[in-house]
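Going in written order, the chains are labelled A, B, C, D, E, F, G and H, and every chain counts its residues from 1.
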Amino acid sequence: MTKSSGHIIINIQKCKGCELCIIECPQNGMALSSNINQNGYHYAYLAEDICTGCTNCALICPEAIIKVYRKKKSKILKQPVSTL
Amino acid sequence: MTKSSGHIIINIQKCKGCELCIIECPQNGMALSSNINQNGYHYAYLAEDICTGCTNCALICPEAIIKVYRKKKSKILKQPVSTL
Amino acid sequence: MSISQEGIHCNYLNEMDLVWDRPDTFTDTTLHYCPGCGHSVINRLIMESVQELNIEEKTIGVAPVGCSVFAYHYMFIDMQEAAHGRASAVATGIKRILPDRIVFSYQGDGDLAAIGTAETIHTVNRGENILMLFINNGIYGMTGGQMSPTTLKGSITSTSPDGRDYNQHGYPLDITKIIAQMPGSAYVTRQSVDSANAVRKTKKAMMKSLKYQMDGGRGVCFIEIVSNCPSGWKMTPTESNEWLRNEIFNHYELGDIKQLPKLKTNEI
Amino acid sequence: MSISQEGIHCNYLNEMDLVWDRPDTFTDTTLHYCPGCGHSVINRLIMESVQELNIEEKTIGVAPVGCSVFAYHYMFIDMQEAAHGRASAVATGIKRILPDRIVFSYQGDGDLAAIGTAETIHTVNRGENILMLFINNGIYGMTGGQMSPTTLKGSITSTSPDGRDYNQHGYPLDITKIIAQMPGSAYVTRQSVDSANAVRKTKKAMMKSLKYQMDGGRGVCFIEIVSNCPSGWKMTPTESNEWLRNEIFNHYELGDIKQLPKLKTNEI
Amino acid sequence: MNKKILMKGNEALAEAAIRAGLKGYFGYPITPQSEILEYLSRHLVGSNRVFLQAESEVAAINMVYGAAGCGERVMTSTSSPGFSLMQEGISYIACAELPCLLVNVVRGGPGLGTIQPSQGDYFQAVKGGGHGDYKLLVYAPNSVQEMADFVYKGFDAADKYRTPVLILTDGALGQMMEPVVFPDYNPDNHYTNHSAWATRGKSKNRDPNVITTLNLEADAMEKTNIHLQAKYKSIMENEVMFETIETEDADFLLIAFGLTSRIAHKALEMARENNIKVGLLRPQTLFPFPTQAIAELAENVQAILTIEMNAGQMVEDVRLAVNGRTPVYFYGRMGGVIPQPNEIYQKIKDVYHSSSKQISE
Amino acid sequence: MNKKILMKGNEALAEAAIRAGLKGYFGYPITPQSEILEYLSRHLVGSNRVFLQAESEVAAINMVYGAAGCGERVMTSTSSPGFSLMQEGISYIACAELPCLLVNVVRGGPGLGTIQPSQGDYFQAVKGGGHGDYKLLVYAPNSVQEMADFVYKGFDAADKYRTPVLILTDGALGQMMEPVVFPDYNPDNHYTNHSAWATRGKSKNRDPNVITTLNLEADAMEKTNIHLQAKYKSIMENEVMFETIETEDADFLLIAFGLTSRIAHKALEMARENNIKVGLLRPQTLFPFPTQAIAELAENVQAILTIEMNAGQMVEDVRLAVNGRTPVYFYGRMGGVIPQPNEIYQKIKDVYHSSSKQISE
Amino acid sequence: MKFEIIIAGFGGQGVLSMGMSLAYAAMIEGKEVSWMPSYGPEMRGGTANCNIIISSKPISSPIINTFDLVVALNQPSLNKFEKQIRDGGYLLYEKDQIINPPTITQISIFGISATKEAVKLENKKAMNMVMLGAVLAIEPIVSVGSILKALEKVLPSRHHHLIPLNKKALLMGQKLIQPFFGN
Amino acid sequence: MKFEIIIAGFGGQGVLSMGMSLAYAAMIEGKEVSWMPSYGPEMRGGTANCNIIISSKPISSPIINTFDLVVALNQPSLNKFEKQIRDGGYLLYEKDQIINPPTITQISIFGISATKEAVKLENKKAMNMVMLGAVLAIEPIVSVGSILKALEKVLPSRHHHLIPLNKKALLMGQKLIQPFFGN
């Protein structure tokens, strides 16, 4: 149950285990599972409750399978959010 | 009968009458004939006895049909003479 | 059996804003690219940009053969798949016929800088009003890792088994520099997608280029993205990105090469 | 009926030296070029150079289609006639197989800078050890005067009836500048043959380039010769040369663009 | 009545294209077809009409691919070496089912060859050409009038079948002037709305349109091929065009297309004057080929003589049609040489006598 | 005895080329033939041997033109779309009479198609392809062993006739491994001195050698063509190669080349087990085609079934050979699909029954 | 009726438009016509020619190798085509462009100084119309009136003011031929 | 005798060389063989496979759609090929790579943890040889000795020192199959 200001949800069945998100997380909050998904890939997951919702992992993820949430209420944005 | 220090001989049957040699002669010694050659071209000729043998006309002549002679004896050169 | 999540769970998602999600214009299809391949990111970025600018209905993309040959499976817009090397000629045909549409090509280094060199140079020389995306991974990814014109000196590929050698194979071709010096290019930049920040910058370049085209700007916008090919390079994705930063960017320096001209009608 | 001379006659020819004559390597065949065409001069100059360097027996020339397609009628050396645009690829094939021969290509602007752009760029990029002669008359002479990539703005040709217009036709392509910036070129110069002095300079550039190749120098020597096309331009030869000096050279500035590197083994 | 104008074949073709609603032309100069470019550079003007001189034939055919993919009437033209360079692109266009008009003003080959008229590209046009199983619908005009007429037919057929159409002509027909009358033709009445498949920007209410020729799975690629073959079959059933001259009572049949057919016609007259009952069949479409008509005529003639400006190409299609029913002879000139009427007449006499001998034997 | 080695078809072909004295290779990557490049990039090394990856297939074929013009053994290889791009260059090479080896490892077309094996480029190889009247001498291997063997044959024939030779194979034969034995072959014993015509630098005692395909005068160009046609005639007389299997007592004949012939062979076995007397003729050269042999067999069989991995291309040459003597049927799969033995067997049964019915009727 | 003619000379001499005017005039008169230029690298060397066939019946081959009439405007053209004239045919040439006059027999030969006449009309370019007038005097294939109508089609409208001049030239050409028949 | 087998998995798992070793060994034993890889854009997605035909008679089609034995080294391969096994055929798979085990019947199924065993041998890459040992235990197409001889050809000489390790892996693979037959 997260206490941090952000959160991510990964569509792990589509993860290819490239680990780029893990490298890119400034909080070092992510890790690669020792389990595999249906395609035989070890997948990434949020391992520590320190996510800030910075979107780095989502931006680098080649499979575009990371949803990022952030606590601090902002005005509702149309999808997808500009990263400019 | 030339008195000047140079002379040219043009293969006039091959001349195409482009007049480039005439323009290029620093002595203004050349002219275009009012006669035509076997191909129907008015041809160039040395009109005034003021040729210095500078080779300009020969160098510019697209048809490469101008032989240039120069009076002042130089050591015998192999053909063709370097224009460098 | 289906695992859906692992690790930290959050009960307060409804108190949070969804701040990043896959764009709608980027279909749900699983990408065929190898794990960690930059193509995936770049495919997505151009669709993000199209969507944000609300031009899905007037954008036509052109991707030739190369690893990105299936791009039309992911990009939810009208697209043409071009013969190897001819994307910019195809894009020219489209843009000339439909000048008010937004047209981009998406080409690899084998495509744009080898077989398609003439089309590339002349598309730029004519100053076609299109965006050209140039994905330079220094290799023929699709066909199994042969040397490309942009492969760096010493690199071992399946057709340069002893490494690229200037005497035998020639020099890495800096086609982007050539394009930048041509009057037909409006904007020329070299970017990458090896980090989140690089991704942000690349997207910015795409947005700028598309807006310029929307506003009737004249000339080719050209974005080179120096990217990886983990499979062709025989590296892990992480290694490949490090290789980019430690070796490749030294040769292919990132950054804007030719600034976008200000449009008289409309400042972007 | 045959007239043999007119004007001044000279009785003392035997007291004079023959200081200029048609070179032996340049056959006696009447040239098919139009009156005043620069091709004729350039054809001769390369043969003069080959002869002076005594390399008739090891030189192989390549001329593609274009007005100079019959160059092999005039050049008394082994030659190959190449498909349109492919002279530098053909020359590459020859030079790679016979690396100790001297190889040159002789190409027009349509050939080298339009259809053959890819071959041109990549021959230079590989740094082939050949001499490329680029006869830029800004038009497709052979096919009757269509616009070429190097045609200047405003010029009327048979396919740009209202003059070349940047928006429709693009910009005059400065391929020589592109080549100069590539590491595969050893020497890049832009010359002309519109005056006797220009002819001298062009020949000097040819001699330098051939010597460099003879001495095993690496990389392409590239000589652009900005030339005329009286027929295509619809001018007299004299007018065409004036046009060169008054208009064309302003855009295509003459002179060396990239100096020949000094060879370590042998100073030229 | 529409006016008779004296025009070059190449220009009549170009003018007809404009009148047929041409939206885009992409081409590259080459003799003997450069007049098509030159004419269009002057006259294909005005809003939404594009004339573009490409950097090469390869670029031109791929521009046509892109432009045809937008569903507009577009074309290119070239001559033999340039047509060879287009083969990859044409294979793509055929596979992607893009309607467009191609023109090959043939000259004598192989290689650089001559610029004189030839029919040496028959095989390339009708059989081989690019890789894979595809066909072009091929029209072969024999006059300046048909140079124009077949442009309208060509665009209409291209639209109808979503297929590239080729006008196979030659340097003589392209360069010569003859009187021509342009028929009334309002492109709007022939307009085919291609927006169902063309890439013009994905409107809200449909999925993306994709122009592609790729099918990594062989099974899917076979389906594409089956679809193409079905289309070609329907073309064979509906689009055959040919002309017959004095075939009713003929016991000797000439077959020739394009320019050659005019010379054969002259030879026919010479033969008829000498009481040899010669008829002439002229295919106006080369694919589809008038196989049926030839097979039927073959039943009634003692021999067939095919005349071409090549080493013998269409004669194979004639033989396939005849299938042994009667002897098939061939007379051809190559490399840009045009056969003269008397040569053909001589050949008719030779064959006629030997074949009637055969028969009486 | 020479050793048996397990090798890929593409690699066996490349290795054979090296052993045949290959001096220069110029090519461009494309699946399913890239192994030829890759193998040669590793093994075609050492003094005076050139491996060069060109910037395109167009450049590659023109490098071959230049290199072959120097009189050395040179080659290129590609797959279908790349072969289309080479057509202009090939027409030039044929016209300039330059000996060289071309390889097309065919994949399913048209367009980008699949990368699976196909025989869809038969027409392109044998009839059309580039512009003008020329022919390639075309070998069609059906095993990895022949992928090697035909390289030697190919270079020898190219040298002998001064003509480009094509090995037409497919993705399956290129990619698969089978045992192969390399014959003893010393290129020096096969060496043809080409210096009489090749451009290697004009020695003092001769006039310049010129490689050209240009003849502005149609008459001269026709002479070139007559010379080429005479050469092709001599090739047709001397170079036909084919294999027959159980044709002696056959009353039903299969005709297939390359990979398909192996599957047809299997179907033949199935038919023979069921007492249908099937024979198989396999052309090993596609030009020259075994016309004579087929015509003779056609006299004795009730029907012929041609099997191809295309929409029906070689079957036209079969029909031309048969000339109506017996019915000719066709079975084909397209776009990269390989027919299975039982499909063919089924087709044999269908045709066999209908044709024997026909005959008994 | 069938008449086959070739007109040959330098590029700038108006060879092609001379032929075109003739063909157009014949078309106006309801005849079948074809006009075929030499084509291709005609620029180089600067020579050009066109042949015209005028016939009452449909025309088969538009390319012909023998002619009823050859019009030679320069020496190379004369050298090239004089042998291709049919027995009983005609050769018309521009006298001042020719230094080696024709030697063949079995045909009628007409040499005229058309350029000089055109210069007199103060338009050197009208030389081709002088020649065309001469053609019509040799063989009245079409009327001068039809040529004038044809010129309205062949000339761009900015040159229509030259038609009266061209008429003069045509008539002059006809006149130059009269002495030959006078003999 | 004829045996048709496909080996499929990720690119890095040694799929192609495993098949090649088997084919080479069969050739050494005098059999007819063919080996056919999946080819083309196999890089993308990272899957690879090859099929091997071993026969006492010449081999017709080298491309086959049904198999006597499928070796699946990952889940997608298992999903793709399990339906192409002939009745009475075999399926061998790497247990730890599979989360959805096979469900088909009419065939014999063997799941083994080859990677774990290879790790025990301190060379994860030897996994493919463990699998190959298992294949030979299921159907003794060739002898282990022939495989070892084949490895001398298939492996570049710089890797020949690994042959003893591979031998261990092969034997280990054979052992892992024994319990299945023990049942």
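What we mean here is this: a contact is a pair of C-beta atoms (placed from the backbone, for glycine too) under 8 Å apart; a residue touches a chain by one contact, two chains touch by 3 or more.
Just so we're clear, the structure is a prediction, and the values are computed from it rather than from any experiment.
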(message) Hop distance check: subunit C to subunit E, minimum number of steps through touching chains?
(response) 1
(request) Quick one: remove subunit E in your head and tell me the pieces the remaining chains form. (result) one piece
(request) Identify the chain pair joined by the greatest number of C-beta pairs in contact. (result) E-F
(message) What's the distance between the Cα centroids of subunit B and subunit G, rounded to whole Å?
(response) 37
(request) Express in whole angstrom the distance between the two chain centres, defined as the mean CA positions of subunit D and subunit F. (result) 41
(message) Based only on mean CA positions, could you tell me how far subunit B sits from subunit F in angstrom?
(response) 60
(request) Send over the residues of subunit E in touch with two or more other chains. (result) 31, 52, 55-56, 58, 81, 88, 92, 111-112, 115, 212-214, 216, 338
(request) Provide the list of subunit H residues touching at least two other chains, using ranges where the numbers run on. (result) 40-41, 99-100
(request) Could you check subunit A for residues that touch two or more other chains and list them? (result) 37-38
(message) Can you tell me which positions in subunit B touch subunit D when the two form their complex?
(response) 1-2, 6-7, 9-10, 12-14, 16-20, 23-24, 31, 33, 35, 37-38, 41, 43, 45-49, 51, 53-74, 76-77, 79-84
(request) Using the touch definition up top, name the residues of subunit D that touch subunit C in the complex. (result) 114-118, 121-122, 125-127, 149, 166-167, 169-171, 173, 177-178, 181-184, 218
(request) Quick one: which bits of subunit H touch subunit F in the complex? Just the residue numbers, please. (result) 20, 23-24, 27, 32-37, 39-41, 58-63, 65, 153
(request) Provide the residue numbers of subunit D that touch subunit E in the complex, in ascending order. (result) 65, 69, 81, 83-85, 110, 114-115, 117, 140, 142-144, 146-147, 149, 158-161, 168-169
(message) Per the contact definition, I'd like the list of subunit E residues that touch subunit D in the complex.
(response) 28-31, 34, 37-38, 41-42, 52-53, 55-58, 81, 111-112
